[in-house]
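Dropping the structures in below, format is structure tokens.
Both of the next two complexes hold chain A, though its partner changes from chain B to chain C.
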Partner chain A sequence: MKKIFVDYKKCVACKGCEIACAIQQHPSHNLYALVGDKKTQVNVRVLGVEHEAFPVSCRHCEPAMCLDACPSGAISRDPQTSAVVLNPDICKACAMCAMVCPFDAVSFKQTHRAQYGRTVAYKCDLCHERLQEGLNPACVDACHSNALVFKESDELSNQRAVQNLKVYLLGDEGEPPLFSLYRELRRKEFARRRSDKS
Partner chain B sequence: MPVKSDHRSVDPAAIAMLKIADQNDIDNIWERLEKQQPQCGYGQLGTCCRICTQGPCRIDPLGEGPTRGVCGATADTMVARNLARMAAVGSSAHSDHGRKVALLLKAVATGENTDYQIVNEEKLQGVAAKLGISADGLTTLELADKVADAALDCFGSQTEAAIQFAAAYMPKRLQEQLGKAEVALKDITGARIGLMPRGIDREAVDILHRTHFGCDADPLTLVAQTVRCSLGDGWGGSLIATELQDILFGTPTVRTIKANLGVLDAEMVNIIVHGHEPILSEKVVELARSAKMNKAAEAVGAKGVNVAGLCCTGNEILMRQGVGVAGNLLHSELAIMTGAVEALVVDVQCIFPSLADLSSCYHTQFITTSEQVNIPGAIHMQFEEHDADKIAEQIVQRAIDAFPNRNAAKVYIPQETAEAVVGFSVEQILAALGGTPAPLVEVIANGTIKGVVGIVGCNNVKVKQDLFHQELTRELIKRDILVIGTGCWAIAAAKAGLMNLDAQELASPGLKAVCKSLGIPPVLHMGSCVDCSRMLVLAGAIADHLGVDISALPLAGSAPEWTTEKAVAIGSYFVGSGLPVHLWPAPPILGSPAVTGILTEGSKDLLGGYFFVEEDPTATAERMLAIINEKRAGLGI
Partner chain C sequence: MKVVTVGTGMASADFVQQLRQEGFADEIVMISDEPYAPYSPCVIPFYLAGDPLESVFWKGQDFYQRQQVTPLLEHRVVEIDREQRLVRTEQGASESYDRLFYAAGSRSWCPQADWMQTAGVFGFKTLTDMVAIDRYIGQQGIQRAVVFGGGFIGVDAALALHHRGIEVTIVHRNNRLLSQMTDVEGGQFATERLATKAGLDVRLHNTVEALSVDAGQLRGVTLSDGTTLDTAMLIVTTGVTPNSAPLTGADDGVSVSSELLSEAGIYAAGDVALTRHLVSDVPGLYATYPNAQQQARVAARHLVHGSAHYDGSLNTNVLQKHIDFPIISVGVFEGEPVTWCQGDLFRRAYLQDGRINGYILIGDTRNAGHIHHLYVTREPVDHNIAEILADRRGVSHYRNLMQLQTPVTV
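Entry: the complex of A and B
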């Protein structure tokens, strides 16, 4: 089964994934229509934790605790893609799903999909409609640095193992040295900024 | 209020004000930085290009995604173009400041403006002599007219020759060195690449053209033009600003001032002038000191009118008028939070738009005065040089009118201030040395002082306020290195007491002895950021005295908490003049191996100067000492 894998060290916090998700989820599928539209749904959030950044979204667990916890049956599994999907028409915004989610990947607001101006739960749906067309999730396509990849886990782990072995066995260059320097300088900048010591 | 340590600032006055900000949930720059996290890595690496509408394009720094933009631009091209544009903006800002001073000098010379006068005739004659303008048979105003014309011509000159100010002020050996670098660049690229600036405006426009869609893509030639444009600022626009301001307002002389928020007086009408150009602030100071305005202040229950400076306007008026300075860049919001500021009067550069909203929480009149700086929520009182007295009076009156609205319950002024001995123009330094750089050269040659480091502002909210400025300065003077500098660094040093004569005790024995014999602190305030030109002139004077290149001297530069595009230009004209320059934070160039290589290594052979990045103040001081020792060895001293 394909999953979105996150390699946080490659995330440069450009938030391209957030914008791509918002466009995909917006009824207009148009960037300019998002501006100032508070109902816009963004299912991935790039969070800063000190100098690191991490794109947080639903992991589509199996079994999914949110699915089990939902008293109204609003959360189900898409049979084709195994995505955990949420039906806003049935959602009662009780927040049981958010409480049990180990990744804090469920949010609440009045989205374009919510009927009658209600506040509902919303979360990543793995772009399951795009997947059925043979496409990747929108966030994955938007990520230039390959911090987000959508692959079978075996395929990804083999690929990463071979890459790491090339560094180990053949002495290939791993991370580009200037990028390593950039990460190190950021780490130091944050460490110093956070320090109370003068 | 007990002072505790705080991760945002090392300044006790700032820490006290931040406590008030926290208690009252007042929006501030430190909070806004947190809200911006995480910030985009493409921008920090310089590999985001927004030059045409086929983009924006971004180059993956890991080499896994696209390696070229839509047009084919590589990371090297993007980084170099972005850097060049930063230098063009920075040079333009400082040079435009110089233009206004030149225009004012012209207006005074022609009699069009009678609100200002030629205050320093000796300096006028000195500048004219340097430019080769004969004063024979000319009145002061006629000579001023010729100097103003020469300055104005530097902006708009359309010939291939170097601008007159650069040709006159830059050491001949540096001009020769730049000439050699031009030949070397031609050998490498085949292109005719100049480094001596032809026109101040032209070099900035050249960058705007060169970085337009589909023009220069070579990181080397883009960096070369970055240096040329910046040299047009350092040896042109900024130098013109400094020299002509000295003519119009007086060359700074040594005096003692007070620094930090404690310069605000709870019983007086407090006016803070903030920004960069002394044209307005000099007048505000003049009017605020007038009997008429003080009487008006007394009429509303105040003891008088008190002017304080912030940032480089603060530096300009402390150097020339001895006005106390309330703080540097990161103090600008904190000053308003004291609740004791009747008016914050600003001109250009480094003014947070946030000051408008913040002022509206107090009785503070936030007054913009330049047609180039309009901020929603501010009161705009357009400043006109030809009507300066009248407008300055209206501004001061506006502050006085606000005094009765002050809410005493909101007033808290942290009392920490430090005394600082300031006013070290090149003329004053030479005067202290007995009229020639010889005594300074001698103590450097015999090793009593190992070298000189010039440091320039800003504050940067990503660095704990003043921490790097203070620690680097302390570490350098411990190592027999005299520290000079300008801008928000100078205010940081003043606030920390490092410009006090007592600071001699913090210096190493050699430096301490020299400072004691000359009666100077080990840390010298040379003015505002536009006055970095004074450091160039001083370096040139020492090099000429010894008959060597600036790049051979035991000198280094640093911008340890830099923020602005002006700093890119300053760093580049220091490097172009042959000086090694330290930077922290890292500039947005690490996405390009080529640009990083040129700026940190390649420029060493070509120009003598180069950049280096270091995040630790002590390590920076060690690196500078090593550089200085290497130069000393080169000179055989």
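Entry: the complex of A and C
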């Protein structure tokens, strides 16, 4: 199956992926409708880890621990794309999935898809509906620095993926000089902030 | 080869589904004392809280038809005749089998068996219970209820009823709710929030001593501290008993091998199965869905292919139904405690030999999966557990992955 790989060394924390995801997931598919809308759902989160940035999202593991833990039948695997998909109509927000997801990729709130006026779980669905139209996931299309790449994942990686997130990392293409410079500046800035604090 | 399942619960449904996935094409009969398609016990309290009944049938209402199963419903299994390979039911049916999958689940245990004969007193375990409670609330216009027993199921029941708009008093004998899945401090932290944030009227160090009954109808209860409460509805959640007697002669669980066999030709799984713990190796009834599912899959693979191995059970629990502060409990609370607590967040891990022995996380799920992973993989964490527990943003896993050193703060 094709998966989203992360080359965090190319992530400049622009959060373009977050915005693109929110637009994709919003019923209006419109940027302006997101403003002030508490039900907006964002399935990717750019996490600042020291001087680095990491776009955190569902890894669509095989086997998926969240899928195996779900007692309401709300999480399933999309037969076409192999994406791990959550059906909010039958999700009870019991948190069994979040309790075991090593990637912290499941969140809870009352989204636009939540029925019955209560919280549901939400997570990345690999934009499986876009994929069926031949498009890439919205976050990948929005990523200008190629930190997010949608490509075929071999079976070996899938097996290893359960133990280790590292297989989702790219970095074999070498780092462009501008990125190296950018990261060096960030590293220095964070070191300066730390020394200021202490 | 004909397969019979005793029970149509989560273990049986997963077992049948796995059998069909493994290519098993022969006859399957599923027996239950209830009239329903397989449903999820974790989900049924939501039916009381207002969700539609259809949403409890987690594998679809057409499960029997889709899996080409013959259901034998509203039949209670009372005897397993090993010599003739027959399952006999109270209703007079007998069903032959070549392989038996025994997953009869458990039932509510009531301190006074005669209480359950009173109109207005219910257990809280099956969909039959939920449907009866729902009907009773509607007929009687119930606005006030007492839940006796403040374990997971009791709190689950109280929250569902409270969400429906019923005033709920929960009575528990211990010094905190959820006393089996928490330590004292964690439990008290959770109890305080269940009272203040979730709005439950909590009566600790207390039991229901007597019922006030008028012509077979509940009118009120008397607590051990002498308080009397007027109520027409009492939910008894003081414990559960495994339904193992038809197989073993006693209701204390069924010992199984690592192939989930209790004896040749008979598998047992789910709430009735006595299995070994994955981490501690201690045998016990580890009645949670993920365990039942793994057991069912192993049994199905073993039946079809002749080999499969169950690694062991985990005791993981999470309560986040109708509340915004999940209560997570895993493992045993023995060893050296490391605690981090701030505002509405409480996180504590117990370490033994530098590894996580058990943990309690209350307030969010932010680092729960990472900690679960460290617990199951038995990774030494004595050098960084304090940092992991104090991590509010969920960076510790990613910091480790990116091989970044923990910043030295002076």
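Heads up, the rule we're going with is that the second predicted complex is superposed on the first by the 167 of 198 C-alpha atoms of A that agree within 3 Å, B and C clash if a C-alpha of one lies under 4 Å from a C-alpha of the other, contacts with A are read in each partner's own complex, and residues count from 1 in each chain.
Here, a residue touches a chain if its C-beta (ideal position, glycine included) is under 8 Å from a C-beta of that chain, and two chains touch if they have at least 3 such contacts.
It should be emphasised that the depicted structure is a prediction, and the values quoted were computed from it without experimental measurement.
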| query | Taking the superposition as given, does A:Leu47 touch the first partner, chain B, the second, chain C, both, or neither? | reply | both
| said: Contact-wise, after the overlay, does A:Arg194 reach chain B, chain C, both or neither (first, second, both, neither)? | reply: both
| request: Answer with first, second, both or neither: which of chain B and chain C does A:Pro71 touch in the superposed model? | output: second
| chain B versus chain C as contact partner of A:Tyr182, first or second or both or neither | first
| field | Partner chain in contact with A:Glu62 - chain B first, chain C second, else both or neither | value | neither
| query | Looking at the overlay, does A:Ser145 come into contact with chain B only (first), chain C only (second), both, or neither? | reply | first
| request: State whether A:Lys10 touches chain B only (first), chain C only (second), both chains, or neither. | output: first
| Which holds for A:Tyr116: it touches chain B only (first), chain C only (second), both, or neither? | second
| Shared chain A contacts, counted only where both chain B and chain C touch the same residue | 47-48, 52, 194, 197-198
| Which of the residues in chain C come into contact with chain A in the complex? | 10, 40-43, 46, 50-51, 55, 58-59, 289-290, 293-294, 316, 318, 320-322, 324, 326, 328, 330, 365-370, 372-373, 393-395, 397-399, 401-402, 404, 407, 409-410
| What residues on chain A touch chain B, complex-wise? | 10-16, 46-48, 52-53, 143-146, 175-176, 178-179, 181-182, 185-186, 188-189, 192-198
| Taking the complex as given, what residues does chain A use to touch chain C? | 8, 47-50, 52, 54, 56, 65, 68-69, 71-73, 89-90, 92-96, 98-104, 106, 108, 116, 118-119, 165-166, 169, 194, 197-198
| said: Touching residues of chain B toward chain A in the complex: what are they? | reply: 5-7, 10, 37-42, 44-45, 58-66, 462-464, 467, 585-586, 590-591, 593, 596, 613, 615-616
